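The two complexes that follow have subunit A in common; it is paired with subunit B in the first and with subunit C in the second.
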Partner chain A sequence: MVQKDAQRLALFLLLMPFALWILLLIVLPHLGIGYLSIREKIGPRQYEFGPGNYIDFISEPIYWNTLLRTATMSVLVTVLTLFIGFPVAYYIAKVAGRRSRAGLFLLCLIPLWVSDLVRAFGWIVLLRETGVVSGFLQWTGLVSGPVEFLYNDAAVVIGLIYTVVLFMIVPIVSTLDGMDDALIEAGYNLGGSRWTVLRRIVIPYAMPGIVAGCIVVFMLTAGSYLTPILLGGKNSMWFTEQIYDQFITRYNWESGATFGVVLLAFTSFVVWLGLKLTGQNLANTVAKG
Partner chain B sequence: MTDSRSPDLECLSLTKRFGAFTAVDDVSFEIPSGSFFSILGPSGCGKTTLMRMIAGFEEPASGDIRIKGKSVIGTPPNRRNVKMVFQHLALFPMMNVAENIAYGLRCRGADKAEITRRVGDVLERIGLPGVETKQIHQLSGGQKQRIAIARCMVLEPDVLLLDEPLGALDLKLRERMKIELKLLQHQFDTTFVYITHDQSEALVMSDRVAVMNAGRFEQIGTPQELYHAPATAFVAGFVGDSSRFSGRVEAGGTILLETGERITAAPRTGTVLPAGTTVDVFVRPDAVAARRPAELSGDAFNRIDGVLDSHLFNGAQSRALVRTGDGRMIEVGYPRPGSSENLAPGEAVALTFTPADTLCFAKKA
Partner chain C sequence: MNVAAPQTPALRFAYRAYVTLFFLYLAAPLAAASVFAFNASMFPALPWNGFTLDWFFSDTEPMLGLFHDRRLLQGLGNSFYIGIIVSLLSVAVGTTNAFLFERHDFPGKQVLYVLMIVPLVIPGVILGISILVFASFIANEARAAMDLRINFLRPGLFLVILGQFSFLATITTLVIAARLRKFDTTLEEAALNLGASRARVLFTVTLPFLRPAMIAAGVVAFLVSFENFNTTLMLVGSDSPLTITMYDRIAKVGSTPVLNAVSVLLIIGSGALALISVLVQREPKRADVES
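And now, the complex of A and B:
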């Protein structure tokens, strides 16, 4: 009896920091935001509860257009990241030798060694009108005058992919790492072509990693702020920018909170839709990944 | 098995190097159609490497591999009609049993109805009808084994390669699968090439066995030949149990053992050991009889004296342990005419064996 209590206490103490973290950093802020979002301002220091903020959001096309644009771009970034990340992950897990593997992995980590801000400025140095790429093209004579590569969607997409590709590679490497090479060889031995082996054996095996990577990448992209603003400039139209605007520039916390809730709900919906469309489920991913 | 059937698989001077290390060294053999061929050797001797070359996963440094008479050097693995059962089976965990078996058929572009029919067929033949929709992790070890074989056999390969497929099973199941494998081979009437480091597996199942050591084939022969007429000291020591003595050939052909006894060995064809050669002598436990010295009759036998140390009871494989003059322990096979069962530990005994059962090889320098 005493021992059981002691065990329970140990478990309680062990879970305490985690529970506190969840409560203080995730649950409470979201409750606060949810609370703010259903509070309508009807006069100075006068509030009442109602869905007014949400109605405002829906009735203003620029808001939900920005949201749709953010989601579409994030899906695009996720898909491109998958296409870039999967071969890299496959190479690291299955082709590279034991020794070069650690080095390659570290190489993937490099983008995370510098802060978001410095990284974005790195891209600016490369891509701006007077930047390295433009200068190089002029030097080779391919173009006659300076070219601006910044402040367009391509720059934003490239910058975002560079930032998040690691989060695609790591889960895929870890699932592929657990895959017995004999499975691939058996795939060939039984008559499969390269394409068949990839499609019917490697990808299904890596699916939990792929799903996990895609969810993380999509969420990170949709919620990112610095990269789209700095590389996309004023016309980047990223939804997080709208949220920032409401909170900081307009000092309209109610509306900012509403946008926050909408972003969370909408990205969750996109993830759910993605899982449904590809016939995957989250339980599978968590269990295997 | 008549020789008129052309060999299903032929290897000619096959060699494979990893850097400076030679893993497979000048190996040649041919396997007649429909036979059960085993490659037996200690761990690390190059068995898997040899098999991977046949399957096409490794490129040989030199030599030729012919399947049904046609060279397959340069043919990619998925174009060779050689199927392989992997050591850990490599069943696809994300597919169920039917999908696993259908995989190869689908790669060939067979149509749905035919796939269903043939999958059902092969499951029937391996004695597991109706397991189509089971997941791989729901199968027992022995069932997985049979599914892995079915997955290959449904493609009607020229040769089936098996790389220590029983290694992961527990002892009881292994014993059963040995017999089952042999029966399956008969049933499918396909050439099996079976890799193992377990000599009893090789002896029980095979029509012919190749003994491999350090990348080379030491001897190819029937299990009986390997057991009764080993060609080299390695084969004599590796195949079956034996007691080993060192000795020297004397003038006149007798052998003086380190234990002090003098014995004779029946000459093997093609070998003459000159006087002065140091030799290894092997004697099988079941060729040795332990008797009380008083009960000995005649002088036709080789004889080593010793003291019975203990009985090791193990059913049909029971042995008696005899301590010789120099303190070495020798195992003696047990029920045998003039059986040693009634001997008591501590009694002086004479070990006798015929010159024909005495296997003698020149020691390598």
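And now, the complex of A and C:
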């Protein structure tokens, strides 16, 4: 019995930090913004409960347009990142020799360790009117005057892909690492073409990694703040910017919390849909990345 | 013969070229950010006016170097302070969580496991505002009810630490739990049979086994904390960490080469730390190449 009591005590002691963390920093704060979002200010220190903040959100086109724009851009970035990242991940996991594999993997990780801000700043130095790319084009004589590459959607997409592509490559490499080359060989021996082998063997095998990568990339993109604002300029119309604006600039916490709930509901829905469509679950995709 | 590789030389060449291009894309902005730290010019742009270290060491305006820029140094100090506390805290909680999920069975474990992962898939901005709202709520209530002023619940370093910890604990838990899963429990049984107490087994057998993962998790937590922007932005008070200071500088002054100098410093620093974490993890055997 002493043994059993000791086990109970250990379990209890281990549960404490976990419970404090999840309850105080995740669950209650999120209930908090949910509560704030259904509270309307009708006068100084006078509040009323109702869906008014959500109605405001829907009736103001600029708000939901921003959300839609953020959503479509995030989906676009996720798809492009998958197409750009998958071949690189496959190369690292399957094509590169054993020694160069570790090196390439490390190279992939290095930008990850550098702040978002430094990365965005690097792109600014490259792309702006007086930047390196514009200067190079003038030097080669392809263009006659300075060209501004910043402050447009293409710059935002390039910058966002740059920020998130590692989160696509790493989980795909780790799933493909576990794949036996014999599976590919068997596919060829059975008469499969290169394309068939890729579609019927490699991609299904890499699916948990692909799903994990897509989820993380989508979340990071939809929740990103710096890259769209620094590379897209004042009119980048990113939803997180609206949240910041409501909270910090206008000090309208009720409406900021509403936007937060909307963004969270939306991204959770997309993640849920992605998991549902591919038959994966959160624990065996994201947790492995 | 590698069956997984493209079979014709032309395709193989094209594939290699693509991967090379990709790595050039990865390196380009970092290289651009670094190079202009050494250009003797007021702007991080071409033309090249000659090599200088003034953006690091000069102590006179207008070319005030990084090591004489009080606000940037203050930001760097704050980032270190936050990063160290956050990583210690996340490693501690990550370790207890790892034991909780790997060594114990209890009702509702699956649900709690998913809850443990959830912070990773919540956008950072939302984590920031929700903690801001909750902390302010408590502070306001305490003030209204008992006339207590709980200043540490107002935006500031304490809230920044809590905000970063809220999602870093997930990362450290996953890293440490992955290693604990590989632990051979017969080692613990052997030590127990030899008469060691449970505490002694924990400190001489189990924790030393976990140490590489704990160090790696701590380094990751420190680096992510150092570079975090979204969550921090919502919780920051008057003492801002480096990323926020740099952002203010870009927003107010525009880009100046002193920011390139900071970038160089950060690239070197985080590169070195990342390398340490890799070496620490590799040290024992080849058993834990993954993750």
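Everything that follows uses one rule, which is that the second predicted complex is superposed on the first by the 266 of 289 C-alpha atoms of A that agree within 3 Å, B and C clash if a C-alpha of one lies under 4 Å from a C-alpha of the other, contacts with A are read in each partner's own complex, and residues count from 1 in each chain.
Simple rule for what comes next: contacts are C-beta pairs under 8 Å (C-beta built on N, C-alpha and C of every residue); 3 or more make two chains touch, one makes a residue touch a chain.
Since this is a predicted model, take the numbers as computed values, not measurements.
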Following the overlay on subunit A, give me a clash-or-fit verdict for subunit B and subunit C.
-> fit
Which angle, to the nearest 10 degrees, do you get at the Cα centre of subunit A between the Cα centres of subunit B and subunit C?
-> 90
Which of subunit B and subunit C A:Asp177 touches, first, second, both or neither = second
In the superposed arrangement, which partner chain does A:Leu11 touch: subunit B (first), subunit C (second), both, or neither?
-> second
Larger contact residue set on subunit A - subunit B or subunit C = C
Tell me which partner A:Ile84 touches in the superposition: subunit B (first), subunit C (second), both or neither.
-> second
What is the contact status of A:Arg69 with respect to subunit B (first) and subunit C (second): first, second, both, or neither?
-> neither
For A:Arg200, decide between first (touching subunit B), second (touching subunit C), both and neither.
-> first
Please indicate which partner A:Arg39 is in contact with in the superposed arrangement: first for subunit B, second for subunit C, both, or neither.
-> neither
Which of the two partners, first being subunit B and second being subunit C, lies in contact with A:Thr130: first, second, both, or neither?
-> second
Between subunit B (first) and subunit C (second), which does A:Glu185 come into contact with in this model arrangement: first, second, both, or neither?
-> both
After superposition on chain A, the shortest CA separation from subunit B to subunit C (Å) | 5
Doubly contacted residues of subunit A, that is, touched by subunit B and again by subunit C | 185, 188
Residue ranges of subunit A in contact with subunit B within the complex = 180, 182-183, 185-193, 196, 200-201, 204-205, 207
Which residues of subunit B touch subunit A in the complex?
-> 55-57, 76-78, 82-84, 86-88, 90, 92-95, 103-104, 107-108, 151-152, 155
Report the residues of subunit A in contact with subunit C in the complex, numbered from low to high.
-> 6-7, 10-11, 13-15, 17-18, 21-22, 24-30, 32-33, 36, 84, 87-88, 90-91, 94-95, 104, 106-111, 113-119, 121-126, 128, 130-132, 135, 162, 165, 174, 177, 181, 184-185, 188, 215-216, 219, 222-226, 230, 240, 243-244, 247-248, 253, 256-257, 260, 263-264, 267-268, 271, 282-283, 286-288
Counting only contacts in the complex, subunit C reaches subunit A at residues 2-6, 15, 18-19, 22-23, 25-26, 28-33, 36, 43-47, 92-93, 96-97, 99-100, 104, 106, 110, 112-127, 129-134, 137, 162, 165-166, 169, 174, 198, 223, 226-227, 229-230, 233-234, 242-243, 246-247, 250, 255, 259-260, 262-263, 266-267, 270-271, 273-274, 278, 290-291
